[in-house]
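Submitted below is the structure of interest, expressed as structure tokens.
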Amino acid sequence: MGDDRQRIAQRAAREVKDGMIVNLGIGIPSLVPDFLDPSIQVFFQAENGILGMGPTPASQADGNLSNAAGLPVTIVPGASYFDSALAFGMIRRGCIDVSILGALQVSVRGDLANWIVPGKRVPGVGGAMELAYGAKNLIALMTHCEKDGRPKILQQCSLPITAFHCVKKIITERAVFSIQDKEMILDEITPEFTMRDIQNYTEADFTISPHLQPTTS
Amino acid sequence: MGDDRQRIAQRAAREVKDGMIVNLGIGIPSLVPDFLDPSIQVFFQAENGILGMGPTPASQADGNLSNAAGLPVTIVPGASYFDSALAFGMIRRGCIDVSILGALQVSVRGDLANWIVPGKRVPGVGGAMELAYGAKNLIALMTHCEKDGRPKILQQCSLPITAFHCVKKIITERAVFSIQDKEMILDEITPEFTMRDIQNYTEADFTISPHLQPTTS
Amino acid sequence: MSLFNKITDYDTVKSVFFDGMTLLFGGFGGVGTPPGLIDCLIDSGVKNVNLIGNDAGFPWIGMGKFICMERAQTLLASHIGSNPVAGDLMNQGKLKVEFSPQGILVERIRAGGVGLDGFLTEIGKGTKLAYDKPLVKIGNKEFLYEAPITGDVSIVYAKKADTFGNLLFDKTARNTNPYVAMASKITVVEADEIVPMGSLDPEEIIVPGIYVKHIVQSKGYNWKWKWEMTDNA
Amino acid sequence: MSLFNKITDYDTVKSVFFDGMTLLFGGFGGVGTPPGLIDCLIDSGVKNVNLIGNDAGFPWIGMGKFICMERAQTLLASHIGSNPVAGDLMNQGKLKVEFSPQGILVERIRAGGVGLDGFLTEIGKGTKLAYDKPLVKIGNKEFLYEAPITGDVSIVYAKKADTFGNLLFDKTARNTNPYVAMASKITVVEADEIVPMGSLDPEEIIVPGIYVKHIVQSKGYNWKWKWEMTDNA
């Protein structure tokens, strides 16, 4: 499971290109920076109010310098601090090149569910609705199935929706899907898994890309 | 005429009390600071983005430090600079204790006209609508009549309205009126003028205050 | 308490709080939530409070401390995942929680603070969060109407305040504080440092003192951050 | 023109302007209007421009210089009293002027800049300025709907810019510039000083560089202020 999360983050890191403005959600997305190509330069935005977030401090963390998950961070040269209204202004305005969010479920049309499991977990919606609305590219990361094997990639989400038609790519430990014109396409399979492993554990209808590839890290 | 403007400003200065936040319009209101009681402390706000404006600089005016009329000013200790959105936020939010504006016409119910003389002068509305909406107290300053003797205090403004039911006090070189519950009351007459001077040159219906006084400076 | 000296003590601030009040609080995951004012709120004994802020903090951090005492009756926030007690109280019907998208919530507080009558957005349209929000049609498009938020009292954490209440903030402790400071009838500021008027650079002031009623001296955070704890107990 | 080095020259900026574009400009009575970019706009030869900004400047100051050349077809502003030529062009039907309350105008630009779909207000209700604005009823109250404003190009005057486009402003030259900087597809900044990334204090940055496309070096104001002139000629 820990390995799966690392693997998903490692694949997601390849979606981050030189010169991009990137917003990472909590959970698996927060592992993405560990796997970035060291030759590229990007700016991480945090919705509490930083543009130009750097790595976790080696020591002497500052209680007043944290990311949107409340964890201590650092800043890079060129960084700025601002209030959260401006932070979300950037997000809604389309200044974020890629937003990488954790998901609970994604539907075949790119609907995202990631804010509540009614009666059980109540994390809250946070900034996901704004990111889904404003980011130029939204990538959802999640393990392919529930622990009991139930699929999370569905014809229709059973959990309350965060935002409709927003997810452009899904990365799991088994596969990578893209969603174009409300249609889902299987682009990559992780080498250890078979096509049947994907088909049996994905409820959503998908087509197979003519350029289907094995996922490499 | 110059004397009239000074006299109006001098009387208006008495409306400014210790500890107030004050916004002054262009024209006659800009003369008010010259007549303030030196023992009181107030903060002047300018809608371009200053709280804590000081007097005109004695020398070395700075092109980037001006009031809303574009004239050079200074600042006092405790002053702050901000953008004009915040400046108007303060105004709409009711943070201005008294706004003193120049007027072209005022109606018996406190309607203010001060932004356009169609086909002739087109100054534009500026910040007057927001000040009329948000200031706790709005005082209109103007000469009592047009140069040709036509009244400016009217049953109904003939010029386009800036804001309805907003003026609480009118100060002219002849008189001071207050407007309460859409009714106009004559509170003061300047000693050189008779009651007939007021009545003949004021179109609006008004009642005479039981506490009618001569205007003192 | 003149216009130009608003420094007071925590005992005086207690009398500002009242049962059933709407309380706006600054902070994001506890960062930028005023620790001394949270304790002052707890000491004041008030209950049935209607809370509005970014999140529910952690059970021992920020507004979480007060929420865990079951003295809030409602909470409008974007996120409560870091405070499982808040989720339990919600599921038990002891705390009425309304969720708002995070950026929409701070814009609603800003709208209240700058005297606007709300705004329109497509964010959240069609989701459960929109269920009771008016739809407004402009041209051929339908938008959600988001109402302005104002409070009875706001509590805010600043890095520095001068005696007039001009404020500046520290790094990500700024977050929602500037707008929370503008949106209530009474704003109380806890500041790490209080300086005379004229000591702040007019360019660096984030919130002009015009919005501030009371200023108290902070003793800094009095909780451990999650990442400072040896275990999660 | 990478993400991290946006410095360019006025000749390159000329190609950003085009006939019929909507141009947002910062400044208040010319203070904070970028003087070099106004000349660059004039030199570019563009016409039929739709201008949006606080005011019409003075005939020899700020956007007034361009307006006097009769190359703007529309102007949305709050005030044109300081530029009598603009009033004359309006009365002659050569310039279509739309007036907005000053604070409403900058909020509309902000709404565009922060991706909101407009806001509601009572300001201006019942006046001539409201004639074509939709009325929206919320509960028992009717409000004016104010639409967001965005532009093709924004021109902005900053005191300092780093090479990423992080900006700070000088005193009252800030005015509308921060929101003008956020509201167009392309934002061009004229800065008195351009510094390397990392030289600005992250707390003092007013506009993060994310909004900026091009930065040019300023030579400062190239006009005389009204109060600097011996007579009004």
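Some observations on this one:
Labels A, B, C and D are assigned to the chains in the order they are written; within every chain, residues are numbered from 1.
Assume a contact is a pair of C-beta atoms (placed from the backbone, for glycine too) under 8 Å apart; a residue touches a chain by one contact, two chains touch by 3 or more.
The shown structure was predicted, so the numbers you read here are calculated from the model rather than taken from an experiment.
Among the remaining chains, A is positioned farthest from chain D, on the basis of C-alpha centroids.
Averaged Cα coordinates give chain A a centre that lies 28 Å from the centre of chain C.
Our note on geometry: chain C versus chain D, Cα centroid distance of 33 Å, whole angstroms. A straight line joining the Cα centres of chain A and chain B is 56 Å long. Shared interface positions of chain A, defined as residues touching 2 or more other chains, are 81-82, 85, 88-89, 91-92, 133. Shared interface positions of chain D, defined as residues touching 2 or more other chains, are 107, 114, 116, 121-122, 171, 202-203. In terms of inter-chain touching, the protein chains here follow a pattern that is not a line, ring, star or complete graph. Inter-chain contacts, as defined above, occur between A-C, A-D, B-C, B-D, C-D. On chain B, the positions that touch chain C within their shared complex are 19-21, 41, 43, 45, 51-52, 75, 77-82, 85-86, 88-95, 133-134.
Of all residues in chain B, only 46-50, 61-72, 81-85, 87-89, 91-92, 115-116, 119, 121-130, 133, 160-164 touch chain D in the complex they form. By the touch rule above, chain C contacts chain A in their complex via residues 28-32, 54-55, 58, 77-82, 86-87, 90-91, 97, 99-104, 106-107, 110, 122-124, 126-129, 170-179, 206, 221, 225-228.
Chain contact summary for the complex, chain C toward chain B: residues 2-4, 113-116, 162, 164, 166, 182, 197-198, 200, 202-203, 205, 208-211. Within the complex formed with chain D, the chain C residues making contact are 107, 111, 114, 116-122, 134, 136, 138, 141, 143, 145, 147, 168, 171, 202-204.
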